[in-house]
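We call the chains A, B, C, D, E and F, going by the order they appear; numbering starts again at 1 in every chain.
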């Protein structure tokens, strides 16, 4: 990689500093303040009795998510979606992505007819808000499952309720170079932008690669996937670390 | 592939019958009725002077798209989004995907400050509505560019305005078998569902792979991409055929 | 009539070429593609169990309609009502008119507590979209009733479920001359514009006459009604022809 | 007419007591409280500089109207449209009708690029709210034109700005009998319901006849029109009386 | 008070002429046309079976209010909130204030699971629309309670259903002088604006003081409260007078 | 005070622990994380060129605020206002209160035609969210003014741009006892609830007292105001402390 120097002399395969603070507030059945560099997202999990109407009587639970940005999370103030009276396409798209990603690793049967809602509110945005949201939301979700287990609402006896961790990271091609975890300034210059959602065991949950200006080849796709895998493996380790260090969750909840 | 038999004895690597009818109506600067099997989409291109506010003064054009389904395009009637008063997340997501896909092959500088809007209205839905929309919308777009060239609004003299064709197809894993171009019944049973947008020369524009219930491996991803590439190459040929057969467009518009 | 020459040398008392294609799609319990010249409307009938809340427990059915135009059905692209977030006055007005017109000839008691919804989506607009919608929707409705009879959901044994055909046509005064079935170019120049909904036996269902610039006399009203009656009688014949030619409906459904 | 006895022994060709109070409030450039029996409508005319965007630069004015019902104008309280967040179809339809009716007798050229907005708010509803609105709104409009003339904003020197009075009344067929000016109880039982808008000289502006349950013949239509004509002629006389009695308007404004 | 002369030589501690007309319409279980000078508000009370969802099963009733202004109640025409598609902050705020004020003097237990809705529609606005609304709404409420008692739906046997009258008035500081009941012209110039809601016995229900430009002292607050108390005591007397003069309500309903 | 024991043995005239963290994020021209006990609000100030349309050409600036609660700030999850598609009355009311309070101490002339927007997003709600918002927003506002001064956009040379500090606190009557700064559990049991906004010099900006169930006397009002004054004086000192300790603002901005 010649010419491009990442901020803070970060290597192209290095992610930004990631921190995940559990129990940052007293609210929710799980809550996490997650940072990917300057990107700050508050992820709150609500464990609620009942399921959406279309799922009633199924005996199965549901996991859903809502993503939102505070109006001045970005460089320029954006109008609130509540003021505009409608939710934008991007917001919808990311909310759906977070929900799908989390459902891929939760045993919805084991939840019974209960819903876990994840609220991911971006307090500060510097690229990677959706990947930070997924990564943080997983930890809040695990805490909410732990809460429900501790209250005997659901039980991990038969098998783990969560089959694996799940995290996400962005990768992109910037001046011909594949790079990991792009902050806003890099993201806005990248030719190809890809978000990868992966389980702790390395299976793919979601691959969303988008050509921005320049189309990309199968080989470039593979390079990007390698990079994303490296990042997600590191995030998975961090997720397990924070969940099992101070006030550790019940070890039977997540499959090893 | 054992056990699963596709409808109409279609092979797992065969797409459904695809037809693209140009000039099906008199409306728009380009219009196409596209069928992927029983999926029927009307794609209308509007060439409009001016660009969105944020792009004014740039000298560059814009390509955008709006996707929508008629209320009874599906098996059960759905409420109109105009009646609900808001557009759903899925609609937003697909509209954005179509717009991005088309922009990847258009020289926006060459458009000048003009906008091409693609309206993709699904008259009948049987899986693959977004891939049929992209594939049909490309042809309507090419007709709209041809119209503008014929009116001397824009010019292909310097270089082709459209750098390549672009089409899309769905692939999925069904009972462990990778299959091409899934109708609704297959799509609802698939473990993994992927939409691939590709140029005629085989470059990737968009890869959206989603685990539905079962996560997937890098190897499965590769098998799916191979299958999608085969499908897109066939669609690219069909697109060129319909554009250059009866009432052919100006040959300088699309790069060879 | 001096001076004014209708397009295609059509006489002032001649309607445009009208075609009604049944079973144009596989969707709905009835579906029709109707053309009044260049005006093209897709009418889909959905037969749905249940009735609106205010009608529950009455033992009676309901017939309702929703009219909509695709954004580029017209010469200039219009913003989608789903995007604007609200339905315009004209759309509401026409939807209500279609519903009322169809209810005038259906035995709602015979439907039981079921609803038939008609979706009339204008694919191309060249004047007379509401009259084409009513005329086409009647045929789709008859097919939906036929479907319900064939499934033994409702029964025509006691008496015909549909008391008569119903169709509609526009008439207007153009440069002092009364003319039938106005395309857009004539409609925009007309002094008086009237839409007449009539049964096959010649009874009036709806008369909506509007002075556009010039008020009109009782005598002019009568001339227009004569013209409309001629047009509706021709449409009624066409409706019966298409319903009883290929794949004819149960002859007991519509009163002779 | 056997069997049916109208309330208050009113004859079938007699309208209810109609009163039109000018200057009932201090607000607007014209304001009127109109009663058709128990139906009470407040009509306020606002004379505003400027015209809607699509009309700018035309040199011509515009007349528009908004109709609305207070939530407890009716027997049962209805939800406010502002609370529901959208305007119903019926409201839109009547607003458009009032606007069209008034435009038919105003010389929009003479208004210059000014707009007269009529707000018709139904304080109490007992049938005929749209006809009372049109009848009252005409008087408020005349006062607003008079105001603008008195302020030298527009001038009646060349010719009258208002070509004739305009009023409206409902007619219907009730148990086979044609009746004039139906209160709610009659309206809800009528087989055919028609609203007729007519100028003071007896020309038709709008005819909206609707079969409610029973279709109607040309002969019935004629009987209804005769009845409506009688009612409108009486209303026209009343309108002239109130405009030219106390604080009479400039006599050159309305054509004789 | 030097310099400032109130319109009509009104003293600074005198309220405008206030009139409260009961039974002005036939609509509602109580209705009142109230004037505070040129401010005219129609207050209609609807007594409806049932309570909001969150209150079901409590055995208690509810009192709620909706405030709205007609578009041309003010000097310049404002857009209808139903047309804008949303209710403004000021409207919400005043609606909530009216509801709270009335609930402070009603025995909600005695209502049973019934709701009294107050609709306060401002026909003409000249300052003090919220205080006129509360003052008039109280009388309409008392009539609605009286209606329910007369129908034996609720009973005043055990104790009065209404514990006291409630009224409201505005006070403000204008050019350093405390004044009572400000019309629009004074209100727009006032430095401090306060609305006080008080019971007939002189207890405070709501105090809303707002510095407009100039902050205020505790002493000024006390002067304003004295003035407001004087005004509210006069209004309380008027309320009792109109309720017990012609067609007096059941004397057991309101505590003495 | 007998019987009632406040949580944490707090005295009835003691406020909860209040912390104001400046520069908690990198976003906005000023940002503050404020805690009133467990109530946590993020206040971000945006300094934006230009003023609302109605203020253009005045040469003066504007200060506005938007208040919002995250969906799980409260014990039970609430639906997002962006999802409901409209902003509730309470949200509007508080947003307006914050804006008014801040405008009372800013010299809008000195701002020039610039707007300062305060976004107060409640991350966790335990009573007093509006008072915490006002108190924190003032500090964020001061930082934004300081930013604009440091960029030479506005100047404090002539006189201080901010005439005083402004803060707010709640007071209430709980079991007959006046208490300061009520958390949610106390607030929900209080008979009277009052929010007082006060400047650092002890002038009143806003007094909003509301009887919840029990009306209150002038004497109780005075006791509550005394208590509020004590709380606000302490908050004013804290505001000055945080603004002039680390990274102190320009001392000429706020009047002493």
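Operating definition for what follows: a residue touches a chain if its C-beta (ideal position, glycine included) is under 8 Å from a C-beta of that chain, and two chains touch if they have at least 3 such contacts.
This one's a predicted model, so the numbers in the text were calculated from it and none came from an experiment.
Q: If you average the Cα atoms per chain, which one ends up farthest from subunit C?
A: F
Q: With chain centres taken as the means of their Cα atoms, state the distance from subunit A to subunit F in Å.
A: Going by mean C-alpha positions, subunit A sits 33 Å from subunit F.
Q: Compute the distance, rounded to whole Å, between the mean C-alpha positions of subunit E and subunit F.
A: 29
Q: Need the CA-centroid distance for the pair subunit C / subunit F, whole Å please.
A: Measuring from centre to centre gives 60 Å for this pair.
Q: Quick one: report the Å distance separating subunit B from subunit D, using the average Cα coordinate of each chain.
A: Taking the mean C-alpha position of each chain, the two centres sit 52 Å apart.
Q: Among all residues of subunit D, which ones touch two or more of the remaining chains?
A: 85-87 - these are the residues of subunit D that touch more than one other chain.
Q: Which of line, ring, star, complete and other names the graph you get from chains that touch?
A: ring
Q: So in the complex, which bits of subunit B are touching subunit A?
A: Where subunit B meets subunit A, its residues are 86-90, 92-93, 95-96, 100, 104, 164, 194, 199, 203-211, 213, 215-218, 221, 225.
Q: Along subunit C, where are the residues that touch subunit B in the complex?
A: These residues of subunit C touch subunit B: 25-28, 31, 38, 40, 42, 44, 46, 48, 66, 68, 70-74, 77, 80-87, 91, 117, 119, 121, 123-124.
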